[in-house]
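Think of it as A, B, C and D in the order they're written, each chain with its own count starting at 1.
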Amino acid sequence: MLDSFNEECAVFGIFNHPEAANMTYLGLYALQHRGQESAGIVASDGEELHLEVAMGLVADIFNADKLSLLPGRIAIGHTRYSTYGTSQLKNAQPIAIDYAHGSLALSHNGNLVNAEKLRRELEAGGSIFRSTMDSEVIVHLIARSERELLVDRIVEAVEQVRGAYSLAIMSPSELIAVRDPYGFRPLCLGKLRDAYVLASETCALDLIEAEYGRDVEPGEVLVINEDGLTSHFPFPGVQHAQCIFEFVYFSRPDSMIFNRSVHEVRKALGQRLAKEAYVGVDVVVPVPDSGVPAALGYAEESGTPFDLALIRNHYVGRTFIEPQQSIRHFGVKVKLNPIKRLLEGRRVVLIDDSIVRGTTSRKIVTMVRQAGAKEVHMRVSSPPITHPCFYGIDTPTREELIGSSHSVEETRKYITADSLEYLSLDGLLSTVHPDQNSYCRACFTGDYPVEFPLKERPQVELFEEAPQ
Amino acid sequence: MLDSFNEECAVFGIFNHPEAANMTYLGLYALQHRGQESAGIVASDGEELHLEVAMGLVADIFNADKLSLLPGRIAIGHTRYSTYGTSQLKNAQPIAIDYAHGSLALSHNGNLVNAEKLRRELEAGGSIFRSTMDSEVIVHLIARSERELLVDRIVEAVEQVRGAYSLAIMSPSELIAVRDPYGFRPLCLGKLRDAYVLASETCALDLIEAEYGRDVEPGEVLVINEDGLTSHFPFPGVQHAQCIFEFVYFSRPDSMIFNRSVHEVRKALGQRLAKEAYVGVDVVVPVPDSGVPAALGYAEESGTPFDLALIRNHYVGRTFIEPQQSIRHFGVKVKLNPIKRLLEGRRVVLIDDSIVRGTTSRKIVTMVRQAGAKEVHMRVSSPPITHPCFYGIDTPTREELIGSSHSVEETRKYITADSLEYLSLDGLLSTVHPDQNSYCRACFTGDYPVEFPLKERPQVELFEEAPQ
Amino acid sequence: MLDSFNEECAVFGIFNHPEAANMTYLGLYALQHRGQESAGIVASDGEELHLEVAMGLVADIFNADKLSLLPGRIAIGHTRYSTYGTSQLKNAQPIAIDYAHGSLALSHNGNLVNAEKLRRELEAGGSIFRSTMDSEVIVHLIARSERELLVDRIVEAVEQVRGAYSLAIMSPSELIAVRDPYGFRPLCLGKLRDAYVLASETCALDLIEAEYGRDVEPGEVLVINEDGLTSHFPFPGVQHAQCIFEFVYFSRPDSMIFNRSVHEVRKALGQRLAKEAYVGVDVVVPVPDSGVPAALGYAEESGTPFDLALIRNHYVGRTFIEPQQSIRHFGVKVKLNPIKRLLEGRRVVLIDDSIVRGTTSRKIVTMVRQAGAKEVHMRVSSPPITHPCFYGIDTPTREELIGSSHSVEETRKYITADSLEYLSLDGLLSTVHPDQNSYCRACFTGDYPVEFPLKERPQVELFEEAPQ
Amino acid sequence: MLDSFNEECAVFGIFNHPEAANMTYLGLYALQHRGQESAGIVASDGEELHLEVAMGLVADIFNADKLSLLPGRIAIGHTRYSTYGTSQLKNAQPIAIDYAHGSLALSHNGNLVNAEKLRRELEAGGSIFRSTMDSEVIVHLIARSERELLVDRIVEAVEQVRGAYSLAIMSPSELIAVRDPYGFRPLCLGKLRDAYVLASETCALDLIEAEYGRDVEPGEVLVINEDGLTSHFPFPGVQHAQCIFEFVYFSRPDSMIFNRSVHEVRKALGQRLAKEAYVGVDVVVPVPDSGVPAALGYAEESGTPFDLALIRNHYVGRTFIEPQQSIRHFGVKVKLNPIKRLLEGRRVVLIDDSIVRGTTSRKIVTMVRQAGAKEVHMRVSSPPITHPCFYGIDTPTREELIGSSHSVEETRKYITADSLEYLSLDGLLSTVHPDQNSYCRACFTGDYPVEFPLKERPQVELFEEAPQ
């Protein structure tokens, strides 16, 4: 999949660092791939919270002036995925509020399935909402709690929500991490000298040279304050359901997620794919960037030469405006260019991590064939996506998922490949972890670990096609 | 007073106009003098509310693109006074929320004296606050009300607040005006073909060519919807207390306020001033721009020649950055320049509308004397300001008001004038209205119509000196 | 005339000041009324020239960062009038170049009548042009000169050009002022402690607290360097032809121009106008801002009450975008608003400084009548403009000048006034100066002091109507 | 080498396309890697040239509004490398001028060695310069020519300059390509339906779907106008000297340069490197992005596993501001992150395309070792750089080139690698082309094909270190 703008969110937090906001800025910078719509930082000067949030990329939003408005030793941050069209500043995070017990800020990665119902109840009790984010529900529930301690108020709040949530919450004096009992989304804990650090992925720890400690556990509520760390497990035990798609596509390859190296897993998926779906060709070509590790594994396992025959233009950015409707078809060309000499007259297998709508795959197959390839085969290092995600990833509706509406052979015809094979579900699961049951695979099976409202909610069309 | 950036707020609303947001934009543009910090518009497309708000001037914030995001036939707007230093986007208005009964937006001009207490109570009940504005309290109170009709919820809310409030409130289908029972701040109603218009001052009606109808009455709750106008007077009758300072300084001279022409009142104040405090001089010179009408009146009444011997640079803007600390003393010079030929060797009386801290007056007197004036007398078309305002105007603390801490003679010495006289309170009140009792004159007397918390809250320093 | 965006240019220069660029910034700020399209500053660090130039207002272009790029003790600056449509950065001044004798920068106020011919000759000799400015011709002529001294090269250059030019020229170590032998455009010399200052108008000296010394004389070439001032008069004597329109409209009222106070002259013109064209009315109302002094004089002389019944919105700026074509007619309303109470039922005489196309006057007369005036008379403190200017002021073509194509009575009908009278040419000239011959009055008579190419060049339409 | 901001320039031109400026925009976008400081486009509407140029990235500078100011069927464009500090807008290209024969615009990639001498001569003849670019000399020489035809004037001009130049020149009706007789810098010709296209690299043709035709030959002057193509070879034959560093580092891998695929050459260099400098390790790791093809070749030839163990953050941009001096050491970390699991306990060979100062290599070796590598070897797919370039690439002075001042063993110690080997010059040359003599290899040998002034001119420090 041509990874671009269609991702979810990232959270970051740091406690007891003299440059808390600066570190958060760097951490968000490393997590930019998880969301490019907006970014924000809240810092505590010990008494008050200061918020800076804006639409755009981390490096464009924050400069020395902005960061100087964020003093103090505790901070949290957030980046949010990109939507298109109207301004959505009101939906940017962190959310910062005042309530009966003082000030509070929250960053959320994930998606709640009972947010609408809770929102209606809260509104019936007189609460007002300033955004359309499900995350705002959590803040209200915390504010409604009559418990004395912040951690207890948080627990009381999250006990009422269902779905996926990895949270970084701060008061003027505490930093609290929460991960839902299923552990849908990642969240890790690190140490930087005297400071504790929370991050969606370990690559954020690496950049600020923090040491990885451990993952925040599914169901864990972790309080970080002057007294150190205190861990709570207030939820009844449930079968974990960590998002397997983080391995397939979302996370950065240099991150450790759910205790495994993303790059290693992806490469192993490619190796398994070569075993399951070998095709005799002259060259293995990845769809960059996310297809590269699987292609390396595929090439290695199959003994086929590997080459980077599709070159990505990394200056593609949010700001690229195609000059006219008439030349709208540039699409994928603006991002990818084939190296003809590597493709001419050759049999090619393209390795991608996943196929969503199929339209991009179709364009890439066409591009490779026009560059002179004799045969163009497609191998995908995950099974067909047949069901939308309700736990934090923006997917098209079921009708738009080509894996839902089309058979593999129909998909092959649509994308105009000479052959098409997907990795098996068993291949995916057993490669990721011996304990297959601890992963959510709902997008491939429809087995949703947490029920959601019957009527499938309308999905924003953010997957795959929008950015082109 | 060198009028610049230290004002309060403006509200605007329009119902049933095909270009509601465009008209609101123009209306705010006409009301820009009441607040230059931020501006915002909310428009209803019949179902949803759309909000655009930003820091800065109306004409800089809104362009065709932004206005196109604000469709529909109902809109409200707001401009806010300028503060300095940290970003205050969270405090910009209108406030737009979702709550149990749908969507709501509110613009507020004024200041509540019991906001903190109400806020604590609301927070105790689980409400969360996103800003430090007293106005947010009103929104919460509306959301907490269990009444069925919006107008009833609004009434229930404002019955709990005390202080100054002129409000424009909108739902997706209604526009509601509210003016507190004292009528502190102005609010007028106009008609533009089939549309109803609300505005802080009539100059906004003039620009969009709406016809002035009447003032929203003190204590009136006016509902505008498809059925037309419905007027409610839910409050017990109290002695009106309209802000007399609107005449002295705030309002635009081309506005009608509280049923009187601002320019006419100011000119009459100047005439009265000439009767009370005549001084024989060669020329009457106004401190521009707000001192001009009083100076015209003074000159006319006293039979002294009038001249514009102080010229104002109208390119002075928020963005003017003085190049270096070392030349910080340019101050008033950047705004005003004397015409030496009109001042050399002459006896001059300067007419200003008010003196706040005295520092600007001191600079102007010095400037006029350096330009060659033989005598420099100062006459002020209102009494000494001795008490801060708690009803919507940002004034310095009592200690900083030179009229509070210094006698008239001490003030004269401080500003280095040859003589100094103020208009008497009776002169001010009887000139403005035969029914003197219907005006708030607390800033001149300390007789506050609505009690406020004992401990005088710290005031932001916005008056007079900050912009220079 | 509703003064806005249709002016000419300003030049500024300073020698031997430790904050030369800062002072130039302030000076340009004071001269902003002479041109709002672009602004630029060149500073010398003693060896190299540094240039910062951009489209826009002085206060928007320059901030601490930009000014810090302009070190040194010598600087010149320029502001340019506004054009519309395409970017014209290439036409912004100062012009900075390298040539055989090092570096040079030039600011020009005025217009050359033989620039095209000279340009063709220079191009024939191999010169290349980067702009469409006539000023660039002067720079090339200086570069072509084989004289040893800069002053001699400049003299050789300006001896070849004909027309209007007030110049500030700098090398890394000298500042040179030049004023054409006719003295069309103003240029004055001041002193600020050890620094010498050049400025188009004295108001720029006032802001930086420099002392006015004298005007640079018509035909004078004034060299300022480490050795002090050296004055040259290389041109044969000609009858001076200083622009009388600087008094009528262009200059700031607080400036001294051609040794006279602008405000004083304007007021005297109003007095003379009252003698020549008295009309019995209830109130004298100026068209702000440039009509105010004449109205004061008119009122004083005629004994008629004066009032500011037209209020100008000073937030009108370049950035004001009218929201839609459909409401384009807001035009003058965005800038001016009548105070109805001062006009209703009254006989009014409007005083304006000039009428160009007549369209704005027509709108204002209509506006005043709609506000309730019983009679609306117009008196103009200068004669009808019948001919375009070729010496530095952008005027419409002769056909568009209502004073050229219409009789006074026809004009009166067009602007819908009850009566219309202009000041006589003799009234204008004798008021401005006893030696009437030293002023250019070509726009009123067609007697052009310097010949220009027969075919009247097409004029950019910048006068009067464009900004509305 | 961590390719970032330190490159040279790109030129682009198109003739007879209805969206000439749009195509130029896309072409520059594809060539963005050759220069990020500024970008510009000149378009001809058949009569006049229109210029838009600004500092920054192509996609940030140009939007629909800007492009709409560039009408017509002929256009040229330019991107320029990045410098730091002061504004250099005056040095942005294309250069657009008016001269005796009308209008002209020019884009230049390369560097002239006799520009200073020519400039002095031109200035002595009265020419003025607006920039410090050597390219401006060419424009003056064209303007000085008395030949009738544009092509002849161009030939007369370039016959006088010496050094490296690939030019795209346009008049309102012609597009002319020029490549110096040595052919230092690339320039290719393509066809897009009825339009002819010029570009520095073929990747620009690919994006707009133009067909590659051929390279503009060394010494060719190619005129494109309504009559089609006309080719001139006005120069005496010289030994070609095409820049071999285009293959090593500069060009995009998906481009064809000098008739060879860049990616293919780089891979072959890696294969040759494996033959010349094999080291037994567990994994071959490229320094991304430019080291990737050589690493693939090295791994393939040596039979060693390849892996992407250094991940590059592609959100790194010009705008990234490190928050504080104290954390300045983040440097390379902001761009690269190692995947520890691929490095821990392993013997690693890093493959880079070149080493300039050595400081970045030192940081990367350290980073890999800290990630747990047991051994860290470095292999470089080109010889040590010992001499600066004078033909269009910004290199440090000779003293700063570690290959000049240090032996290979000293360099190894400095970068802290366990072993270090470079590709031999013969290995480089024979891999690139059987005819070794047609390539410039001065940076590796000091054998400069075109003499340059004895005193080595001071070099801007742009290579390698600056962007970190």
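We take it that contacts are C-beta pairs under 8 Å (C-beta built on N, C-alpha and C of every residue); 3 or more make two chains touch, one makes a residue touch a chain.
Only a predicted model underlies this, so the values are computations on that prediction, with no experimental measurement involved.
Asker: Kindly list the shared contact partners of subunit A and subunit B, in label order.
Answerer: A chain counts here if it touches both subunit A and subunit B, and no chain qualifies.
Asker: Check A-B, B-C or A-D against C-D and flag the pair whose interface repeats it, over half of the contact pairs matching by residue number.
Answerer: A-B
Asker: If you average the CA atoms of subunit B and of subunit D, how many Å lie between those two points?
Answerer: Distance between chain centres, rounded to whole Å: 60 Å.
Asker: Hey, how far is the Cα centre of subunit A from the one of subunit D, in Å?
Answerer: 36
Asker: By residue number and range, which residues of subunit D touch two or more other chains?
Answerer: If we look for residues of subunit D contacting two or more partner chains, we find none.
Asker: So which chains end up touching which?
Answerer: A-B, A-D, B-C, C-D
Asker: Show which residues of subunit D lie in contact with subunit A when the two form their complex.
Answerer: Per the stated touch rule, the residues are 19, 21-22, 25-26, 29-30, 32-33, 57-60, 62-64, 67, 203, 206-207, 209, 252-254, 256, 261, 263-264, 267, 289, 292-293, 296, 300, 305-309, 311, 313-317, 319-321, 323-324, 326-327, 330, 333-334, 337-342.
Asker: Would you tell me which residues of subunit A are touching subunit B in their complex?
Answerer: 50-52, 69, 86-87, 90, 96-100, 120, 123-130, 132, 139-140, 143-145
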